[in-house]
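Look at the two complexes coming up: subunit A is in both, with subunit B in one and subunit C in the other.
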Partner chain A sequence: MTTTSIERNEAGAPLISVRDLSVSYDVARTGKRLTAIEGVDLDVHEGEFITVLGPSGCGKTTFMNVVAGLVKPTTGTVLVGGSPVTGPGPDRAVVFQDYALLPWRTVFDNVKFGLEMQKELKGAGWRERVQEAIELVGLAGFEQSYPRELSGGMQQRVGLARAIVAEPRILLMDEPLGAVDALTREVMRDEIEKLMAATGKTVLFITHSIEEAILLGDRIVVFKSHPGAIKEIIETGLERPRSERSIQHDPRFLELRDHLWDALQGEATAAAVSK
Partner chain B sequence: MTVTSATGTMRIVRPRRVIRRSEAKWTWLLVGVIAAILLIWEAAVSWLQLIPASFLPPPTAIAVSFGKLLVDPEFWAAFGYSLGNVAIGLVIAVVVGVTVGLAVGWSPVLRFTVAPFLWLLYSTPKVALAPLFILGLGLGSESKIALVFLLAVFPIILNTMEGAVTVSTSLVNAGRVYGVNGVALGWKIIVPATLPYSLSGIQRGAALGFTGEVLGEFLGGTGGLGHMLEYAAYQFQMDDAIAMVIVMVIIANLTLLLISTLRRRLAPWYDDRKIAGAS
Partner chain C sequence: MSAFLAAGPNLGRGGIGAWLAGLSPAGKAGVLAVEVVVMLVVWQLVVGVFGWINPVFLPPPTAIAQGFVELVAGGMLWPNMLISAQAWLIGFAVAAVIAIPIGLLMGSSLPMDRVVGPIAWTIYATPTIAYQPLAKAWFGFGIGPVIFLVAVSALFPILLNVAAGMRTTNASIIRAGQVYGASRTQLYRSVYLPSTVPFLFAGLRQAVVLATIGMVVAELAGSASGMGALIIKAANTYQTDQAFAAIAIVVAWSVGMTQVVTLVERWAAPWTRKGRR
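What follows is the complex of A and B.
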């Protein structure tokens, strides 16, 4: 493959800098320690869109949780904006894999939760911002519904709106479109790409879809399992704006897709054998 | 059922009418069964005289006693006395129970040290302690309030505790990501997530508390519905006694209804069927 580097050739200090990161969990049941990820190195520059691919259980969520400040590194360092991560902060918002919506709040109030602790809430205009985010994810009309009245894909989009409304510098998205149907998925994907391009946000986007990873990413980080680690990092080098249709026959897209397919298939087989 | 309103808003609405209609059928059946039992009862006592009326008065006699009770100021005084004690005991039990339940549920240290004792106490037949309360606190309201509290507090603690323990990590994480920390985390995440469990504990606690009150009055009291019931029974006024029992059944059910309505009001997001709770 063409490019494999932890650092993109770009001037200036990276916004996110991960060095020799490993995380292990105490497994209460067996009393052993499980190494979820090991020796992860990655630099992400401001405005970059990073997609993360890898087999189930390879530590993608764990990695993202460390950047979010929800999980402490066992060893290694994670710097965001030059300073070590000690916990969550308003510069980072998360779209959770399991949505993590507050069941006692309506869609509107759940999205508002993204702003709740920010000073803006006291000022004017926050209502409009919440409403805008709800419309962006296509949930207009459902403002007063409770999460349990929504489908999985709709709940997921509420989680997305909650992160977007917070207007963080870094968006951490854990399979944010996993439960969304193909058509809505394409629309949402376009929206995300447009929004990120317009606002220049930095994104870490976990996905299980090879096509999605190529379509959205400036670089694709491929994880391997046992233990979880970065297998390779690939620069997509495709023109923006991209659309599903426009890149479908692009030779670069096809090359990337075949390559990733082989890489992941190897991983999946390895994972199945080691079990 | 999905209903599209005039504004084009989709809302999920429960199919109320359908439930009502099928429920109505059962209600009529129930009314029929009760009417049949009352009729057989009346026939057996008043017309066939199979059972002496002094031992089991006929429904008509009980209805008369019930009517008399409702206009008897002495009854309303007893009613106020009992319900006042239950209310005071229950309020204390709710405050203590929810606080202790949240603390024990949220702190792993307390959970491992205190929780086993709570379960032990919960499974102790506290009714056996009732005579001690009368001896210790006297025949007045204090001993009754204490009994109501003792019986009501454990289901509230244990249900709240279960609720606090089962608050999912991802909700707490969501809170932390969006800047909710410390006290706010408790107030915005833990308490609302636990509320339906607490309410279900309070419902159980109220029923047990009412039992505690009546029991206390039975064992040694100077007033209240339990006391009145005991008096009627001693006088062999069985019609009065049974009318009193009916009053108590009505009160207990109204209390349960009130709390479950409250639960639906305060926690409309929560699916009733999901609460098993500590029972």
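What follows is the complex of A and C.
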């Protein structure tokens, strides 16, 4: 539990290996070519929790979509477990900012969605797995509720359960707490921290919250915009388990926060001006 | 006035809106009943008691009730109602059977949408009454032209709504499907189709109203039977009370069938059911 990120980094070949990744596309309306991200290099090791921090429009979501297999790289390579990404796969699950639940399915049926699509409902024990995932995210008793009967925080718990039930090696989270109210967000940060520490999953977590990036990340990948690219990568070096409360007064947390604040402020201003 | 405007629409935040929103289903039905009774009483007073309007042009509710009794007693109501209901149901079923698959195709294929879309909108935009003489020429003077006009009227709201539902499937949910490994078939069955269901029912509800208009229009001229024929016969002989009674039955049919669609939707798509409010 108290394994530091430095030790994790030394173990074996990286689980995700991104080399010289660029994504650009033609904008039909203006006829111009837009570069979303450029020259991204990143290695992520098994069990690492990577937070990707940057202003909106810096290409961090595009980056995640490439790893998810939803967007094809224009140049460069993305390897997961040594093989190139050609599309989505059961080794990667995504938690979406807008939850992306199926409104016509109950909580239980939403959580089983991944297993169903991967045709894993034949074997015994899938019901137990779904139930276990629901209980793990604290939604026991809501199995038969529809998403619109739940609060935003609870809907995102369903999104989390749907992602972990398929037992992927990598969890990709695209600002999962971005649409959740402030109080729930703080509670859920701590819960995600605990949950991921317990399952030991490799996580790529997109956020534009500095506190969130520090609290959750072993390493923080800071993106800059125009074009989107990695500005710097920082080891947090904070002991786990962490919580919102426990790190508040940690000098390392304060130092990181000031540093990231300065880094992002420049970026945010640049982004605002160029728009 | 300006204060009233500044408060914005009253959507159940306070006052009478909140009171209405808080009522039980029975309470809401009660409010509706009171509304209807008040309207009928005012109508009766204005026409029947004070005589401000000539009852030949607008018969009072009591006269309409009498007209209804006359229709039943004269054996004119049931046969005409049956023939209309028959034409309506067949026409509506034909429309649904044609519209749903074409709508799904249009919604899932852009070329199909480009080809069929403009034709569909053009026919939809044409007033039903314009097809009436043609329908007579094509299908004669029996139930045929009525079925045709009902089907033409009901077809396009269903078709265009289904196509719109398919097209507007939430992009994020589609991506979720892709991420979790849905095949093309699975994506259609598990994402696109269920997401189209509420649009289908919205289309069916619009279709009920338009089908009823189509039915009456088809029966109004040159038809020997049906509710439309009954209305026009009564009106031509200045038995406006009977005409209004027949109109009331057509309206009741239209409202009733809308309710049937809503009930089927609640059963088939329980997730669209509104929460307690």
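FYI, the second predicted complex is superposed on the first by the 254 of 275 C-alpha atoms of A that agree within 3 Å, B and C clash if a C-alpha of one lies under 4 Å from a C-alpha of the other, contacts with A are read in each partner's own complex, and residues count from 1 in each chain.
Rule of thumb we're sticking to: a contact is a pair of C-beta atoms (placed from the backbone, for glycine too) under 8 Å apart; a residue touches a chain by one contact, two chains touch by 3 or more.
Just so it is clear, the structure is predicted and the values come from calculations on it, not from any experiment.
Peer 1: Would you mind checking whether subunit B and subunit C clash or fit side by side on subunit A after the superposition?
Peer 2: clash
Peer 1: Taking the superposition on A as described, I'd like to know which of subunit B and subunit C A:142 touches: first, second, both or neither.
Peer 2: After superposition on chain A, A:142 lies in contact with subunit B alone.
Peer 1: On the A-aligned overlay, A:94 touches which partner chain: subunit B = first, subunit C = second, or both, or neither?
Peer 2: both
Peer 1: So in the superposed three-chain picture, is A:113 touching just subunit B, just subunit C, both, or none of them (first/second/both/neither)?
Peer 2: Both partners, subunit B and subunit C.
Peer 1: Quick check for you: in the superposed arrangement, does A:103 touch first (subunit B), second (subunit C), both or neither?
Peer 2: After superposition on chain A, A:103 lies in contact with both partners, subunit B and subunit C.
Peer 1: With the two complexes superposed on chain A, say which partner A:255 touches: subunit B (first), subunit C (second), both, or neither.
Peer 2: In the superposition, A:255 contacts neither subunit B nor subunit C.
Peer 1: Let me test your reading of the model: by the given contact rule, A:68 touches which partner, first (subunit B), second (subunit C), both or neither?
Peer 2: both
Peer 1: Let me check the overlay on chain A: which residues of subunit A are in contact with subunit B and also with subunit C?
Peer 2: 68-70, 87-88, 90, 92-94, 96, 98, 100-105, 113-114, 116-118, 146, 148-149, 162, 166.
Peer 1: In the complex formed with subunit A, which residues of subunit B make contact?
Peer 2: Its residues touching subunit A are 7-12, 168, 170-171, 173-174, 176-180, 184, 188-189, 192-193, 195, 267-271.
Peer 1: Residue numbers of subunit C touching subunit A in their complex, please.
Peer 2: By the definition above, subunit C touches subunit A via 170, 172-173, 175-183, 186, 190-191, 194-195, 197, 269-271, 275.
Peer 1: Can you tell me which positions in subunit A touch subunit B when the two form their complex?
Peer 2: Interface residues on subunit A, with respect to subunit B: 65, 68-70, 87-88, 90, 92-94, 96, 98, 100-105, 113-114, 116-118, 141-142, 144-149, 162, 166.
Peer 1: Which of the residues in subunit A end up touching subunit C in this complex?
Peer 2: These residues of subunit A touch subunit C: 68-70, 87-90, 92-94, 96, 98, 100-105, 113-114, 116-118, 146, 148-149, 162, 166.
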